[in-house]
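Some structures to go through are shown next.
One chain, chain A, links the two complexes that follow: it is found with chain B in the first and with chain C in the second.
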Partner chain A sequence: MQVSTEKFTELVRREVEKARLRPALKMVPHFLHEKREAVLADHPDAPAAQAYGGAIRSEALARLPELLEEFEKNAISNGAKVFWARNAEEANAYIVKLARERGAKYVIKGKSMVTEEIGLNGALSEQGIEPWEADLGEFIIQQMNRTPFHIVGPAINIAVEEVRDLFLSKAFIKEPTLDPVELGWGARLFLREKFHRAQFGVTGVNMAVAETGTIINLENEGNIRFAKSSPRTQVSVMTLEKVVHTMKDALHLIRLLSRNCTGQKITAYVSMDSGPRKVDEIDGPEELFIVIVDNGRSRIYQDPRAREALRCIRCAACLNICPVYRQIGGYAYGWVYSGPMGQVLMPPLLGLDKTQDLYRASTLCGACKSVCPAGIDHPDLFLYYRSLDVSADASAAQRFNGKERPWKETLFFKLWGMAVKRSWMWNSGISITRPLMNAGSRGGAIRQMKGAFRGWFRKRDFPAMAEETFRERWEKTVGKGTDFKSVP
Partner chain B sequence: MASARDEILGKLKAAPKTKIPTRPFLPPAEEVAMGRDALVNRFTEMFAAETGIVYRAKESGQALETLTEIVQREGLKSVMVSTDEVVTALNLPAWGNKIDVKVATPKDFKGRDDFKDAVFDDAEAGITGVDFAVAESGTLGLRHDKDQARLISLAPILHIAIVPVERIVPVYEPVIETVFGKEKPPSQFVFITGPSMTGDIQGQLFKGMHGPRRVIVILVG
Partner chain C sequence: MKDVSLFIPCTVDLFLPHIGEAMVSLLQRVGVNPLYHRGQTCCGQPAMNAGYRREAKKAAKHFIELFGNDEAIVAPSGSCVCMVKHHYPVLLGDEPEWFRRASELAPRVYELSQYLVDVLRVSDVGAAFTGSVAYHESCHILRGLGVSTQPKALISAVKGVKPLSMNQGDFCCGFGGEFANHYPDISEAMVQDKVQCYLESGADLLILCEPGCLLNIGGYLSRHHPGKRAMHLASFLAHSGRDER
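Coming up: the complex of A and B.
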């Protein structure tokens, strides 16, 4: 999948002008957020439950290597095969090879973010194996060749007219309709045939349980259950941070994920696999492959502060509450992840140099942090990435490809730093700057400015500088060098 | 060259260690203190909240009567049933003969492909027992094994679950302790809460996306 995180500002400009996006953005994030609030209020102690989720994720990360080993051991003893992939290429090559060896003509896919991240669909298509996304939203965006607009509702922004036209052109429906239920029925009938004949199923993983070697998926539609029931071969792909210690921990996260994600007590289906089907079972996969993908995460793990981004359980509560996401939607973030969770995850995954605007496109209001069931402090990470980015010599900065800032900016802050430490420099600086600043001011406000600061004034005003500073007035009224204690 | 596994684990192990935090106190769910009747009511209320329909039968004879009513009202001609102990005790093939409904079980089929043809294309409803019903959220728990095929509760448009009342538990924890405790876990365990649903087109929620559009429970006991 193409990465366009470098074009953030450009994409934002394009997205905010799309009138069509407004109704979806006005409704969906707010609606999901309200539902979340309502169902969380049911819990005897919601803040404790959220904090408990953070503690589970924190412990899982602290013990990550040992839990992965325990998970692998138990998964293998359940009869699953475990494959480790350093990066997207290795994961894709392995899955494509499995599918080819089994003569699969197509692959039925349950909704998963990691396979979006590694671009599995492209790798399968190249080898002539059709990937079929089976989650309705993923199905729609796959046909339209788009990235997910929202990590939970990938096609939530797409107008029903567009879905109608798409489904008509692909013959998923015979008669035009604007009824989402009828459109969904068309997709159901088409995908049902795919489920029925499927020989090869691919899913993601929400949680991998170390003590039992079990993988867990949450969903509402049933596409994942079908992908794990009908085909002879099942491949489940997980990133390495998905592991938790116990089934009890997993249960708590299931409760939290459902509540924070869609405002449900529990999603319609939670399926938990421990190995392939037994020989006397009539359905379920004869072979189960679990692919553990690193793709940059072990590098993130080296840095205990950046590691916090790996706590994420993909509930999207932070997208729904984010004042930035609520204006620009998911496309502007330039890759598979969006909103604050994308802004903390993509910079260390892709490099600070390629995601310059992502960790700066935040007011640091902390709404994301306030709803996170995994205990991520997003604003802290934004500040951390910003600090790494300007200290390109530090080893941590090198790890994540920190980029030097433009020389003008560096020079400006160097001078600023010198000035704020020396009163004579500050004071003479003020008297030099004042006429320049105030030259274009009207009615006590500076509305525009030429040169390097032009951008800042595009949508903002700045109060004109006062004719006198406090210090100047002080000197005039009580005299230069007067100790303030002696002033009555 | 080290294998990908060793390389990845090596990097993780070499990374700086962090502390394991203590966990906050969590008050128990109110269902834990509930008596039998309250649990049944809570389960029914929660299941209904997800558009599930609950019937109550005193014993298996009455359960069969309810089943007949449902099947006749819906005009069903063909159903697929599990062979788990709850359903087996009802002897549904004999019941089907009496009321002229085709009752198939997975054991009637040579293998996966024949079974799939029937459960996808023939069966108008799937009838299963359940291992657990969880009051907390109106959830059914099914252990998939040779007598509980996965597709019966998934592929047909209607799922009818027979739930003995003594299988209702307050919360998920005892379920997990039983299923994943001492013995080898089943190949798959599933929690089902209401019908299949989606909101993927313009956020409009509707039931029956890929799986059942309706789930009916007959509580027995």
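Coming up: the complex of A and C.
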């Protein structure tokens, strides 16, 4: 998938305008959030359950190398084959090779974000193997050549009329309809045929359990279970951080993921696979391949602070509550992931030099952090990434390609830093700035300003700088030299 | 009489000094003695948010030098309090002596409504206002400090007031410091939604406790809805809703 994280501001302009024209769009994440709140409240001690989720994810990451080895060992003894891919190219090449060797004409896919990340569909198509997305939302955006608008509901932004027109043009339905059930039925009939003859299935993984070598998927449509059980060959693709230690840990994360993601106590389907079909079993794939993708994550693992970004379990609660996501939607973030989880994950994955806007376009409001079941402190990570740009020479900054800030900003903060600990210098700075700032003010308000602050003044006024600061007013009323005790 | 040290945010010092004065008269009214360190400058939040930690550290040390011995420190802002309470100990984590001083200082810093209600146990400050008000829950006050019931208690105790609820009252207004200037497309859409919720609430006045949000929401109202006002809780309580500057 093409990376356009550097075009953030440009994309935002377009997306904000689109959202303005469709106010209903903003309500979708709102409803998902409300549903989450209601179901979470039903939990006996929701904050404790959330905190426990954070502890599980934190421990799993602290022990990542050890748990991955344990997982691999147990998965192999269950009969699975494990392949470690350093990057997207290696993962794609391996999967394409497997499909070709088995003579697969097409691949049936369950919804997965990691295969979006590595661009598997493109790699398969190039080799003449057709990928078919089997999740309804993914199916729609695949037919429309779009990228996911939301990590859980990739097509939540597509109007039902658009889906109708698409399905008519592709002959998935015969008569025009806006009934979601009928539209779903059209897609279902089409895909059923694909499932029926499928030889090769590819899915993602929600959790990989180290102690049992089990892979777990949560879903509501059944496409993942179908893609895992119907074809002879199953390929499950996971990124390194999906591993947890015990089945008990996984079960708790299932509770949290269902509630935080779709506001359900449990998703309609939960499937757990420990190896391919055994001799005495009646169903399941004949062979199971597990592809473990790094794609930059071991570099993130090496940084104890940034490692927190890998805790994410992809529930999208942070997208649904984020006031910025609600205004700009998922496309503006410029790559696979979106919302706060994307803003903490994509910068170290792609490099800070390509993603500066992602961790700067935040008011640090903390709504994301307040709902995260994995205990990620998104605002603090944004601040950390910002600091790596400023100290672009430090080793952590080099690890993630920190990019130096504009010289004017650097100079400003250098001067600011000198003045902030010397009140005489601070106060003379104020006296110098006041007439400059207030030059165009009227009636105590500044209505326009060119240059560096023009962004503010497009739609907002700003108070003129006070003729007397609080300090000056205090000195007048209380008298000079009445500083109290502790002033050095 | 109990002493309390005034922590005046730089935005208040430079652009909204009347909020500082309102806080002073409010504190005097409830029987505490406000004291003021004339050497105070800025808590360092702008530098911290922009990534300039070395500079933010200088601000932190200066603040600790000035306020280090004070029994209670009060600010009419939640984000500045968060900076001192939460970020100073982390910023100074690699200098043990400074870390100790920052950690000891942290619990003595309060946001104004928090200080009045939780420390002084006062909610009725003798203000009166005939009209309805809505309350905007600023992010750093609500999620940063967990303060929400305190300002509401102070508002409810005002004689004659009719508190109204507002949709998405706990949603960010889109200020975010440099964010508002650098990403105007997003920030404007956010403040527009916030103002829309305020207008739909039907309240006569919007009350908040954060200077940043006041600059943002107030700046938008001034341009587009000059008849509608946003006001800091300190001013509202000290002057019973009158605009005194």
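What we mean here is this: the second predicted complex is superposed on the first by the 452 of 488 C-alpha atoms of A that agree within 3 Å, B and C clash if a C-alpha of one lies under 4 Å from a C-alpha of the other, contacts with A are read in each partner's own complex, and residues count from 1 in each chain.
Rule of thumb we're sticking to: a residue touches a chain if its C-beta (ideal position, glycine included) is under 8 Å from a C-beta of that chain, and two chains touch if they have at least 3 such contacts.
Because the structure is a prediction, the values reported are computed rather than measured.
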| item | value |
| --- | --- |
| First (chain B), second (chain C), both or neither touched by A:Gln302 | first |
| Contacts of A:Lys174 with chain B and chain C, given as first, second, both or neither | neither |
| Per-residue contact with chain A, leading partner among chain C and chain B | B |
| Which of chain B and chain C A:Arg460 touches, first, second, both or neither | second |
| Touching partner for A:Lys450 - first (chain B), second (chain C), both, neither | neither |
| Touching partner for A:Ala367 - first (chain B), second (chain C), both, neither | second |
| Residue ranges of chain B touching chain A (in the complex, touch as defined) | 3-5, 7-9, 11-30, 46, 50, 106, 109, 111-112, 115-117, 120-121, 136-137, 139, 144-146, 149-151, 154-155, 172-173, 176, 180, 184-204, 206, 208-211 |
| Residue ranges of chain A touching chain C (in the complex, touch as defined) | 9, 12-13, 16, 19-20, 323-324, 327-328, 360-367, 369-370, 383, 385-391, 405, 409, 413-414, 416-417, 419-421, 423, 426, 430, 444-445, 447, 452-453, 455-456, 458-466, 468-471, 473-475, 478, 483-488 |
| Chain A - residues contacting chain B, complex | 24, 27-28, 31, 44-45, 48-49, 51-52, 54-56, 58-59, 61-65, 68-69, 78, 84-86, 90, 134-137, 140, 153-156, 158-160, 163, 180-181, 183-185, 188, 191-192, 195-196, 212, 214, 220-223, 225-226, 228-230, 232, 240, 247-248, 251, 254, 262, 264-278, 280-284, 292, 294, 298-299, 301-302, 304, 307 |
| Of chain C, residues touching chain A in the complex | 3, 8, 12-17, 20-21, 35-42, 44, 46-55, 58-59, 61-62, 65-70, 139-140, 143-144, 171-172, 174-177, 179-193, 215-216, 218-220, 222-224, 245 |
